[in-house]
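The two complexes that follow have chain A in common; it is paired with chain B in the first and with chain C in the second.
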Partner chain A sequence: MNSPLLTVSGLAKRYRRGGKTIAAVDDVSFAIEPGETLALAGPSGSGKSTIARLVLRLIEPDAGRIQFEGDDFLALSGSALRARRARLQMVFQDPLAAFNPRATVARLLDDPLRIHGIASRAERPRRIAALLERVGLNADLAPRAIHEISGGQRQRIAIARAIATNPSLIVLDEAVSALDVSVRGDILNLLLDLQAKERIAYLFISHDLGVVRAIAHRVVILDAGRIAESGDARAVIGAPQSAIGKALVMATPKLHRTTAS
Partner chain B sequence: MTALLSIRDLSVAYRRDGREVAALKNINLDIASGERLAIIGESGSGKSTLALAIAGLLPASARIGGRIDWQMSEFRSPHQPSCLRKTPLSGRDIGFVFQDPSASLDPVMPIGKQIAEVARTHLGLGWPQAYARARTLLERVRLPDPGTALRTFPHQLSGGQKQRVAIAAAIAAGPKLLIADEATSALDTIVQAEIVSLIRQLVSEDGMTLLFVSHDIALAAELAERIAVFRHGELVEIGATAEIVNAPRHAYTRALLDAHIGLDAEPMLRRAGASA
Partner chain C sequence: MSVVRRFLRTPEAIAGTIILAALFAMALSASLFFPGDPQAIAGPALLPPFQDWSLPLGTDRLGRDVLAELFHGARTSLAVGLAAAAAALVIGAIVGTLAGFAGGLVDEILMRTTDAFQTVPGFLLALAFVSVVGPSLSVVVMAIALGAWTGPARVARAEVLSIRERDYVAGARVIGMHPLEIAFREVLPNALPPVLALSSVIVAAAILTEAALSFLGLGDPNRVTWGGMIAEGRTVLRTAPFLSIIPGVTLVLTVLGVYLAGEGVVETTAVRRSLS
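== the complex of A and B ==
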């Protein structure tokens, strides 16, 4: 097996609230291989989003190590960190909250190309059109404002922006949770296609075990900041061993259809 | 079964940027007294507009056509013996639970007072009796330590606990109809299951009619006896839950069912797995 793309070991993050110290993330370790989807699942407050923010270095951990593409990711700073960040991208639940709503699609896709020096000014319009095509959108969407397009189109733009810098890992934090179900399947298929073609790894954060089981290779189930269990996504969700894993499976709504479709 | 309300040719349009946008188009629907009916749809389906129209909570600017006929005899109760109204009163006869409990609770008022106020306003109780009722309600929604909880503020509670308080306030006046509009959508899976089970129990104990508005057809199927599917402001189809789930008549309903990714769904990863 190759060396992992991302290795997280002994990660910890504590918050102080009302004079009490709360361990949001407590001794969490996992690894992601190139081209693999690792899901983080768990109830609210289990630490999934805190781990995402730690991996992205949006916040700094109290303890632990993060190895990314062979380097000590926490030791990087300045231009070295900026350069490496191009390889580690993110897509959040609500692109309208993450982006300036009045920005145009072209502007949102121009940013990463410009900031990371990926394409010259003259070349960028062509690159933007190519990005739109890669996420299944028409190039004539480029001049539209982000608030004018549909939720599904917005999430495709968020994915286009993430892949603009040729990342090896994308953190997807509840990236399909707010989408209508009729759009959700298309976005999941787009993510799987990109992964198959470009060998992108995903850290897929979701509360929805059905979706996790359908698209992730492996799953880590978290409870109160600690890993309750982990393993092959279908094996773990099919027969959870931890109390929280069992509770999550039990609580997932089930549609009892008697007829095949 | 007696119809609690009959909706006839109901249309609702909102004014947006000087244009009129139709949110509901010619809806005809009866809701039976004591039934649990789910309203299912994606964004823009009109499901929340229907809930607001039934509760009489549409904004004044909305243009409403058609009518809602209420069977007011169904609303007579020991609390309100001489009710002569033609339409039910929101907050007393109809309880409403919204998606975001933080938005429906007053952040600077202790939760006990917020629940007691509903009982005082609609049941004519004095403060001591209203507080006693609030305490009982907090027990019924299974908030830990209800006596102390009366004096807590919303920000001291978790999302699930806040939704329990919002439910307590919604049923404080003993409504005949409880409307839950995406009431569990902001909660995690485990808390969602707890709240759904709480709603089921309260509705059954109090003999309430339930209108459960949701985007999640699997969740709706677990709770409702009938499901109405909405799309683009129209009622696509309505039927018993087993019929809708197992023998949908409309292609859109079938598409919604097929789009559900349950724990028994075919893995989507297959192709990527084969190429790895």
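== the complex of A and C ==
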């Protein structure tokens, strides 16, 4: 067996607020195998999004190690870090806030192709059309402004932008939470489909255990910045051991009924 | 089209637009109506206005056509005002964006420099700069911009500080965009609207500063300026007050026009922003 795609060990991030130090993330360790979906679940303020931002080096940890594709990810900086970012992408929760309000669909998809030198200027319009098709959108959406298209379409654009650089891991930070239920299922299916075709691993961050059970192989349940429990997604959600795990399952009405029966 | 119509709904905007349009027409037609050198002697000295219809606004102390000078002066005022404001906005936007986006030491250095410039009165700065470098149109433009970029820099920095925390900036980092490209392509265009709202005030101030410099004899000597005309008329203020009053009133109207039109633009964009 190869080494994991991403190994996070002893990760910690503290914030100082008014003289008090708050541990947003405290000694968190987990690993993701290639092509696997690991879910990070937990209530608000449990440190899920902080972990996502730490893994993506949008913020720097106070302690811990991050190994990505065999290298020490925290040791990279400058252009080496920017080049490596092609392999590690992210989809944000709010598909409107995640895009420059002035951008068009074509420009958003053009950026990663241009920055990482994936396609020549002449070739890029075709690559953009191909990307749109891969996420189930019509290619004539390209010249539209980002605020002119629907939320579901926007999240598909976000996924298209993330897969443009052929990443091995995509961090999905509440990627379907802001979408309405009918669109949510479509996006989850798209994600599963992409994973099956291209063996992309997902770090799936959600507070919704129903969605987690539908998409994740394994789950890590967080509470106040620490890992409360972890394991196979169905096993953990079916019979949570920790207090916070039980509370989260209780908070999911449909799941509660199925586990109670 | 509807933007234009909404812009023209406010009376201030209409008044401002009319004044500005007249001013631009004067500047553009100056060499058409008055093809010769406006500083050439055209008739008897100190001819009062409305006496001789070939010289409708009369002549000054040296017998130069006041109307021709007024038209050519519009050129200088507009050119200097617009160029100085543009330079101030560009410098301010760049400094503010770099300071706000980079943070830390870069922010400290840039903002303390801005403080230093802001504590010196802009006019004094312009005066010192022109008297050291020597009066010419481009020097005057630079001198005025030197005192006017601090406002835009502060506004741009404040906007950038809020914009840099947005998700789309994080998204740009995730796809590996270079920080400078993020600053100038993702952040700056979205920080611009409040900075541009300052432009009318800056243009108006620049026109006044230019007039004041010319009044003190620090304008470009090869160009007619309204400030210079007022200074010329000052020596004969008792006998021929029109020589100071005419360019003075023009100057007031110009500044008023720029300001009113600017207010109209801000009003229009504010409505559009709240609608979207």
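Following the convention adopted for this analysis, the second predicted complex is superposed on the first by the 254 of 261 C-alpha atoms of A that agree within 3 Å, B and C clash if a C-alpha of one lies under 4 Å from a C-alpha of the other, contacts with A are read in each partner's own complex, and residues count from 1 in each chain.
Please note the rule applied: a residue touches a chain if its C-beta (ideal position, glycine included) is under 8 Å from a C-beta of that chain, and two chains touch if they have at least 3 such contacts.
A quick note: this is a predicted structure, and the numbers were derived from the prediction, not measured.
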Chain B and chain C placed together on chain A: clash or fit? fit
**Asked** A:94 contacts which: chain B (first), chain C (second), both, neither?
**Response** second
Taking the CA centre of chain A as vertex, the centres of chain B and chain C subtend an angle, in steps of 10 degrees, of 80
Quiz item: Does chain B (first) or chain C (second) touch A:82, or do both, or does neither?
Solution: second
Touching partner for A:58 - first (chain B), second (chain C), both, neither = second
Larger residue footprint on chain A, choosing between chain B and chain C, goes to B
Exercise. May I ask you to decide whether A:112 touches chain B, chain C, both, or neither, giving the answer as first, second, both or neither?
Key: second
With both complexes overlaid on chain A, does A:135 touch chain B (first), chain C (second), both or neither?
neither
**OP:** Go through the superposed model and pick first if A:151 touches only chain B, second if only chain C, both, or neither.
**Re:** first
Check your understanding: Of the partners chain B and chain C, which touch A:250 in the superposed model: first, second, both, neither?
Key -> first
* Asked: Taking the superposition as given, does A:165 touch the first partner, chain B, the second, chain C, both, or neither?
  -> second
When the two complexes are superposed, chain B comes to within a least CA distance of chain C, in Å, of 8
So the chain A residues that chain B and chain C both touch are none
Per the touch rule, the chain C residues reaching chain A in their complex are 166-168, 170-178, 186, 189-190
Contacts from chain B onto chain A in the complex sit at residues 42-43, 158-159, 187-194, 215-219, 221-222, 245-247, 254-269, 271-273, 275-276
Contacts from chain A onto chain C in the complex sit at residues 53, 56, 58, 82-83, 85-86, 88-90, 92-94, 97-102, 111-112, 115-116, 161, 164-165
So, in the complex, the side of chain A touching chain B is made of residues 35, 37, 43-44, 151, 180-182, 184-185, 188-189, 192, 195-196, 207-211, 213-217, 234, 237, 247-259, 261
